[in-house]
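The structure under discussion appears below in the form of structure tokens.
Labels A, B, C and D are assigned to the chains in the order they are written; within every chain, residues are numbered from 1.
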Amino acid sequence: MDEKDTNRLEAFSDGVFAVAITLLVLDIKFSPFDANHLRDDWAMWREIGQQGPTLFAFVTSFFTIGVMWLNHHRVFKHIKRTDTTLLFLNILLLMIIVFIPVPTTLLAEYITEPQYHTAAILYGITFLAMATCFNLIWRYASHKGRLLGNKVDVHEVNKISRQYSFGPLLYVVSIAIALFSAPLSVAFSFLLAVFFALPEISPRRRKQPDRLADSDTVAE
Amino acid sequence: MDEKDTNRLEAFSDGVFAVAITLLVLDIKFSPFDANHLRDDWAMWREIGQQGPTLFAFVTSFFTIGVMWLNHHRVFKHIKRTDTTLLFLNILLLMIIVFIPVPTTLLAEYITEPQYHTAAILYGITFLAMATCFNLIWRYASHKGRLLGNKVDVHEVNKISRQYSFGPLLYVVSIAIALFSAPLSVAFSFLLAVFFALPEISPRRRKQPDRLADSDTVAE
Amino acid sequence: MDEKDTNRLEAFSDGVFAVAITLLVLDIKFSPFDANHLRDDWAMWREIGQQGPTLFAFVTSFFTIGVMWLNHHRVFKHIKRTDTTLLFLNILLLMIIVFIPVPTTLLAEYITEPQYHTAAILYGITFLAMATCFNLIWRYASHKGRLLGNKVDVHEVNKISRQYSFGPLLYVVSIAIALFSAPLSVAFSFLLAVFFALPEISPRRRKQPDRLADSDTVAE
Amino acid sequence: MDEKDTNRLEAFSDGVFAVAITLLVLDIKFSPFDANHLRDDWAMWREIGQQGPTLFAFVTSFFTIGVMWLNHHRVFKHIKRTDTTLLFLNILLLMIIVFIPVPTTLLAEYITEPQYHTAAILYGITFLAMATCFNLIWRYASHKGRLLGNKVDVHEVNKISRQYSFGPLLYVVSIAIALFSAPLSVAFSFLLAVFFALPEISPRRRKQPDRLADSDTVAE
């Protein structure tokens, strides 16, 4: 029987993800005043409309951090033990997650300015750092099964390794795209994040018809 | 025996609910200064009195998010498994929850202005989105028992399905009311939220006289 | 065997307590600038010294929320089941907890102004509301053992009931003291909070010499 | 069998650590505007570059709070029971943790000003208080095994006691260094924090080759 050593690590990480994802909303402000004058209904709807790019950035970063939480979840379903290196890599990862609201705020200002690229590049760099960090965590933990459980789902472990291996390269592509089009680069980054989170559930889905089968073979 | 697959999903969601509900207080500010002059006792009580609408909005949204947490709790007592779709729907739901402070802030300004309706309509739309999202989660998870446990409390599951099915329609009514009276619409939205959370406990209450009975029949 | 029905309620409450207690620090700002001029070492220490009352308010409220968490912990060690009424009372309690930073901010401004009493009175009223709410939760849950476990530590339950019964009255005294001296009233409120949290551990302490005894008699 | 009495204490503490570590990001603001004028790409990169010291302070404090979480984790792996004194010491510790963003903000301003020392001294004092508090918690809990489990890993317990005993003295050294060089003092404080967290994992690492051995001997 594998006992999980990572419960408190996961609880702490969940807390950081939850706070970081919620802080994103602090960027959204529909000001009811225009030069100390309460806006009427039409002016208020116009104000809401003008916050469109901010809302777009909020939605993108919210789903991004959510998807990163899924990735974290996915990776730590297989990691059962911790050591110093893993704990430090995890703190590094959380630091990058917590940083996401910063480029998001910039993006909200610059997404409508096609001639400027800094915000999208910074956003891409943050994602590249995140992908690299996930890679390091996974490679460190899965190398010779170092921190995985005694029973491992080899198929799923190899799948994660394969997917993650070309992650950083794809995020370099995303940064290159940012030089031409910020919205396209953001959309591409987001799709990549979704893609990396997906496998978690696909084997489970295929299993649904015979739901009563022994769940251990999947859970492990 | 059904093993729960949703523990970390629930922990993460609890965290987001907890942060979102606490951030509401950031809107309440009793300024001790009036033009750089420390207010005396009477001026301070007047200031507190003038913050009445803000306090009303705070209380309404606090109970609303609290009730939404109850609904989440209620729904995930029956959902035992996760898949990609559910995880994404849950992130979408959390995004709407986290957004609630935004229309709340507007509402605090506009609740005393009967001629304006934008804030109450936006509040209503947020609730409509939330009810729709709860509906999607529930329908997706309970369709042919897809993600429910192997043992399901059919009575309770049907009760939730029935209640939730006419939820979105009722919130459209709430938005229509907002065109005439903002406070009435807010009160109506709030009552709906309470109504949708209620069934969770009603069967339990009826069970209290024979508390020693096997709790599994209810818990499942 | 009593199964706990309140795990998610406690997790959510812990989250709210944790966020509320941490948000208190947002009030502490040592400004490094004086009219856009970076302060030198002596000016900086003077600035830190001038923030004394703010620090005092921070420490008081931090320990207060911490002690309230202890009280919550203490009460929910005995409560094993939930129902609608309890869930709503708990949301009400959390709302009061989350509100504490508001009178704390006022207190930081007014603690050095002996001629003004509003801040201390508001602080006292918040505590009175909190004590009343704890009372309601406890009376509701413990009435005929409604929501307690099947095995209850009668001695401990009665002790809580006795202590809590004269709580609100003592906080009325604290508000009366606020009419004469704000710091004295704050100190008195704080001591009351500590007093109500104390019994949790006193029986345990007495038990320490025979640590190997069956812990169930205490835990229940 | 030792039952853990500290679960809710750990959950609450994890929450406070998670919120405090995430709030650090609120200090990082890359302003996209320069006198109401949207910055172009080069001006934006310059702005990001100028925030270097703020980023440095963010990274340092993030790792520091992360490492403190590791220390907390490490200490509470051995502490199995709670009493009033421990609970109050833990609240005191959390208060110091929550305070860390305050000297961090100052540090971000003063790190580039070699002639001023206040920020680094205050940072050092905060660390000294933290180390002292960890010491108190550990000494109180481990004195005659007061709050430890029935089965204790004597080797690990002694190792913690030895390491922690000269902690406060080392932080006094760090404050002395701050009188000469702020960056050196910050780096030294950070290394000390890492050093105190390290032992947690070192015995585990040595154990890795024979991973299948009974994990209880380490876990205890």
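We adopt the following convention: a contact is a pair of C-beta atoms (placed from the backbone, for glycine too) under 8 Å apart; a residue touches a chain by one contact, two chains touch by 3 or more.
Only a predicted model underlies this, so the values are computations on that prediction, with no experimental measurement involved.
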item: When subunit A is superposed on subunit D by its C-alpha atoms, the rotation angle in degrees, nearest 5; value: 90
item: Same-residue or different-residue interface between subunit A and subunit B, half as cut-off; value: different
item: Rounded Å distance, subunit B centre to subunit C centre (Cα mean); value: 25
item: Centre distance in Å when subunit A and subunit C are each reduced to the mean of their C-alpha atoms; value: 36
item: Two or more partner chains touched - positions in subunit A; value: 11, 14-15, 18-19, 23
item: Residues of subunit A defined as touching subunit D within the complex; value: 3, 8, 11-12, 14-16, 18-20, 23, 81-84, 87, 91, 94-95, 98-99, 101-102, 105-106, 109-110, 113, 116-119, 122, 146, 150
item: In the complex with subunit A, residue positions of subunit D that touch it; value: 10-11, 14-15, 17-19, 21-26, 28-30, 32-33, 38, 40-41, 44-45, 48, 59, 62-63, 66-67, 69-70, 73, 197-198, 200-202, 204-205, 208, 211-212, 215, 219
